[in-house]
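I've put the structures underneath this note.
Consider the two complexes below, in which chain A is the common component and chain B and chain C are the respective partners.
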Partner chain A sequence: MSLIQLNDVLKIYTSKAGDVTAVDHVSLSIEAGEFTAIVGPSGCGKTTLLNAIGGLDRPDKGSIRIGNSDITGMSDKALIDFRLNNIGFVFQAYNLIPVLTAMENTAFIMELQGVKKTERLQRAMDLLSAVGIDGKANNRPNQLSGGQQQRVAVARALASHPQFILADEPTANLDSSSTGQLLDIMAKLNADEGMTFLFSTHDQRVIDRARRVITLEDGKVISDVHV
Partner chain B sequence: MSGLVVRMAWRNLGRNRRRSAITGAAVAFALFFAIMIRSMQLGIYSHMIDTVVGGMAGYVQVSDSAYWPSQDIDLSMVADKDWLNQVNAHPNVESASPRLSGFGLFTLAQHSEVGQWVGVDFTAEGTDSWIQRLDAGSYDIPDGQEVMPVWLGRRMAENLNSRLGDTLIALGQGFRGSPASGRLILAGTLKLGNPQLESRVAILHLADAQFFSGAEGMWGQVLITPKQPEKSLALTPQLANDLPLANALWSSWEERMPELQQAIEADSAGGIVMLFILYMVIGFGLLGTMIMLASERQREFTMQIALGVRRKLLAQMMLLEAFFMSLLGVIAGAVMGRAVTFYFHINPPQMVGEAAEAMESQGWDPVLPPSMDLSIISTHALVVVILTMLVSLWAVSVVYRSPAIQR
Partner chain C sequence: MMRNTLSMAWRNIWRSPWRSSVVIIAMALGIWAGIFTIGLTQGMNTARTDSALNDYIGHGRISTETYMVNGDIAAYIPQYQEVTASLEASDQVSAWAPRLITSSMIQSGSKSTAVMVMGVDPEREGLVFSSAVNVVEGHFLTDPSGDELVIGQSLADKLDVMLDDRIVLTFQDQTGNIYAGLFWVTGIYDGVSNMVEEANLYVSIGTLSEALALPSSSAHEIRYRVTDLAELDATQAKLTASMPAVVQLDGWKRINPELGMADDIMAQAMLIFITIILLAMSFGILNTMLMAILERQRELGMLMAIGMNKSRLFALIVTETLLLSLAGLPLGIALGHVSLTLTAKTGISMASVEQGMAEYGIASTIYPVTVPEYYLTIAALVFVLSFLFSLYPARKALKLNPVESMRVL
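Take a look at the complex of A and B:
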């Protein structure tokens, strides 16, 4: 069984200027352990598709299954809990909580899951080590560079033992060096631990590292290439 | 509520320190002014009740059933010392003492004043309270002298242009047709905390008053001070039931002096309106802050909801943050309010000029002793906290309206 299964997903945004079909009858399967990039020009529906897979937005038609769960019919509260326990998110703007340290940001999700303090602190430190930022564990986000913040965001995304990680333009705000380091970390996690990554990206450096590239245009999948 | 929520709510206060400080200061000043306004108001009422009611009219009064409202000396009651002893022994009674009073003309040389003479049993009423009221002179004059000592309200003494040791002539109606007349020697003047009382009251020994008016063995009324004076209205029927006396009328000060009670209630209502306006102004200020704060955080709410944070938890965090902010303000406001009211309690402000005249014309002593009742602080602290929490519901509504994605 596929880890992520999209069947005929349709998403239309309504505005004064008229209806916009952001995702147009897309059907996809993502298997566990994939390192996949969704690419395409601006406005092609990459982020909308990622939001639908992450349960952040509901499709107007079609269904999305994550593992054994059909998330399209879930209530808002059930979706929040589902995201907490099954999906890791990495955002373009990092979105760390400014009043928490790197360690606390990483442990934040585990605290919501009810993981015991000693266990979550140990795992948070292990994850910060894994992303190479354990020396900044007690720094707050405003004391970290963009690349460092994004690495903490990756550690946070991994903290809940998710089934997969959704990363929306994760390198868009990073310089070349930080992008390379981040991609190395994610590729290593994918190779060593089998963590599934699904990116939306414009960044050729990310596309070059992906093992599967899905190209969207006007909300439709126009190519799906396994590298 | 998890430690995470408490930690984040507390730390959020430091994100925009200037705004937190200004908001806390707004809460602190709101509470400070509320405490000052209410303490002054309640202090003045308390002072007035203490002086007019506690000192002169009595919280609870027992008289012949026909005595009120004429206060005719002919309607005095026969002294019953056994019954008085029972009253003093009642567990809810602090003290009880008889009085006899009437009206007369007091003359000194070319000056005359109409006043109310009141016979007082100084021993039964406690000499301490009378010593506190002494403005000049002393009480060290033996009872039953040929010339009776009198203590005049200080304004009445001024109006008569009298000095200590002067002999006054008093003339009035005594008991059942006998004349109430005699020579009185001015032994002292009294500050009674009420301008009207000070302009018309002349105090005599009870025995002298009985002799002076030909009402030996009679009491006009018995004044009772309950152990909880603020409950006198409710306590009066209970005491009447427990301490029956034939043909007696029991009345609390609220029943005998409705105009005083109404004046206090009317003035108090005015103060509450002022406080309401103050709270409205502060409330809208806090609402503006909360709208700005919630607007700034909306992206963060969205991100946290996306990560799996329940809206309930975010709402708790916003409420707690508002609570912390108001708590800091409340502590500062309460400390300031308590310190200033304590200072004015020790050094009560004395009104002067037209303000003083206006107060005196209403029968109020132009002095502003603030109340030190801690319930004023706790009540208004609670109001301020509730106001802040109500205003913070705006942020809660933003949390519940936030989608899981930014569009």
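Take a look at the complex of A and C:
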């Protein structure tokens, strides 16, 4: 069974200027362990598709299954719990909590899961170490570079033992050195631990590292290439 | 989890140190103003009560029910000797003073008015009341049966009389005959409430009993002081048991219910006052929290996206609001307590409104009192109001859509 299964997903945004079809009858399946990039020009529906897969937005039509769960029929409360325990998020703007240190940011999601303090601090440290930033564990986000913040974001995404990680333009704000380091880390996690990554990106450096590239245009999948 | 919410909320408050400091200081100043006003008002009220008890009420009164109901001058206290013996025997009564009282017309050379004539024992009166101390011109009564008369400054002004002037008192004796007597103004008292000064004048009890055609050892009432005012009810109960059934004993709160209620009324008024202050402060906090939520939309959206549930988010916003409000509380209470403690020693001069205060028999220097009994009430009020005012920002936060919020730059 696929890890992620989209069947005929349709998402239309209504505005005064008229309806915009952001995701147009997309059907996809993504297997566990994939390292997949969703690419396409701005406004093609990449982020909308990612949001729908991540349970942040509901499709107007079609269904999305994650593992054995159909998330399209879930209540808001159930979706929050589902996201917490099954999906790791990495955002373009890092979105770390400014008042928490790198360690606390990483441990925060485990706190929401109810993990014991000693256990979550140990795991947070291990994860920061895995992304090569354990030396900055006690720094707050404003004391970290963009690349370092994004690495903390990856550690946070991994902290909840998710089934997969959704990364929305994760390298858009990074210089090439930081991008390289981040991609190395993600690729290693994918290779060593089998963590599934699903990116939306324009970044050729990310596309070059992906093992599957799905191209969207006007909300439709126009190509799906396994490298 | 609660501890982490608390820690995160506390750190969130200090993301805008200036803004939070202004809110906390405003809250502290509001609480300080409230506490200080309560202490000042209570000080004023205490001064007014003390003045009334010392000047003309005393701590308690013994009289007959008939006299109290009808004001019948023939209804003097029976078994007077027995009653006064009980008072003398009680170690909880520090002093007592008999009084004969009648309404009268007073006439000076040019004016006349109605007054209450108090026939008092000059020696005993001074032990219960400060009447003698309050005499600012001349002297208090010295002759237990002479034609001396002491009037209030306000009445003297009203009648245009001065020290050593002669005035005429006219009233009915107990047989119905009209008595008219010539008296010398030997003393003028001041510093009591103007209402009392205009209404009450003093003559010797012997003179009045003779004029009213009453027995020589008679009194319409006996006013007394107790050694411990807080134990007044218990003292009265003991005295009642030891006295003839025909007399009735009333404490000062029954003698002057308005004065007795003043403390309670003032307490209620002060609570309303401080609630209004805190309400105004709470709107400031509400505004701050709404701004904070607007500024942190993206972050709150992210928190919901990664799996923070609504109850946790609600708790975070409510805790932030509570902390913001409660942070100013200790400072406000400390400021209030210190300022009241200091001014309780030095007093606060109210010379500019001296005349108005004299109307109520209050001295122009007010000595505020500390009001620790209010601190817990104020803390509870701050807590309740802050909680109520946190609900709206918390609701706004819960209504955020994670995807739309994260689009906010």
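Please note the rule applied: the second predicted complex is superposed on the first by the 227 of 227 C-alpha atoms of A that agree within 3 Å, B and C clash if a C-alpha of one lies under 4 Å from a C-alpha of the other, contacts with A are read in each partner's own complex, and residues count from 1 in each chain.
Rule of thumb we're sticking to: contacts are C-beta pairs under 8 Å (C-beta built on N, C-alpha and C of every residue); 3 or more make two chains touch, one makes a residue touch a chain.
Just so it is clear, the model here is predicted, and its values are computed rather than measured.
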item	value
Partners on chain A (chain B, chain C) - clash or fit	clash
Which superposed partner A:Gly54 touches (first chain B, second chain C, both, neither)	both
Which superposed partner A:Ala17 touches (first chain B, second chain C, both, neither)	neither
Chain B versus chain C as contact partner of A:Leu100, first or second or both or neither	both
Overlap of the chain B and chain C footprints on chain A, listed as residue numbers	51, 54, 56-57, 77, 80-81, 83-85, 89, 91, 95, 97-100, 109, 111-112, 156, 160
Interfacial residue positions of chain B with respect to chain A in the complex	2, 4, 8, 11-12, 14-15, 300, 303-311, 313, 404-405
Footprint of chain A on chain C - complex, ascending	1, 4, 8, 11-12, 15, 298-299, 302-310, 312, 402-403, 406
Residues of chain A that touch chain B when the two form their complex	51, 54-57, 77, 79-81, 83-85, 89, 91, 95, 97-100, 108-109, 111-112, 156, 160
Interface residues, chain A side, partner chain C - complex	51, 54, 56-57, 77, 80-81, 83-85, 89, 91, 93, 95, 97-100, 109, 111-114, 156, 160
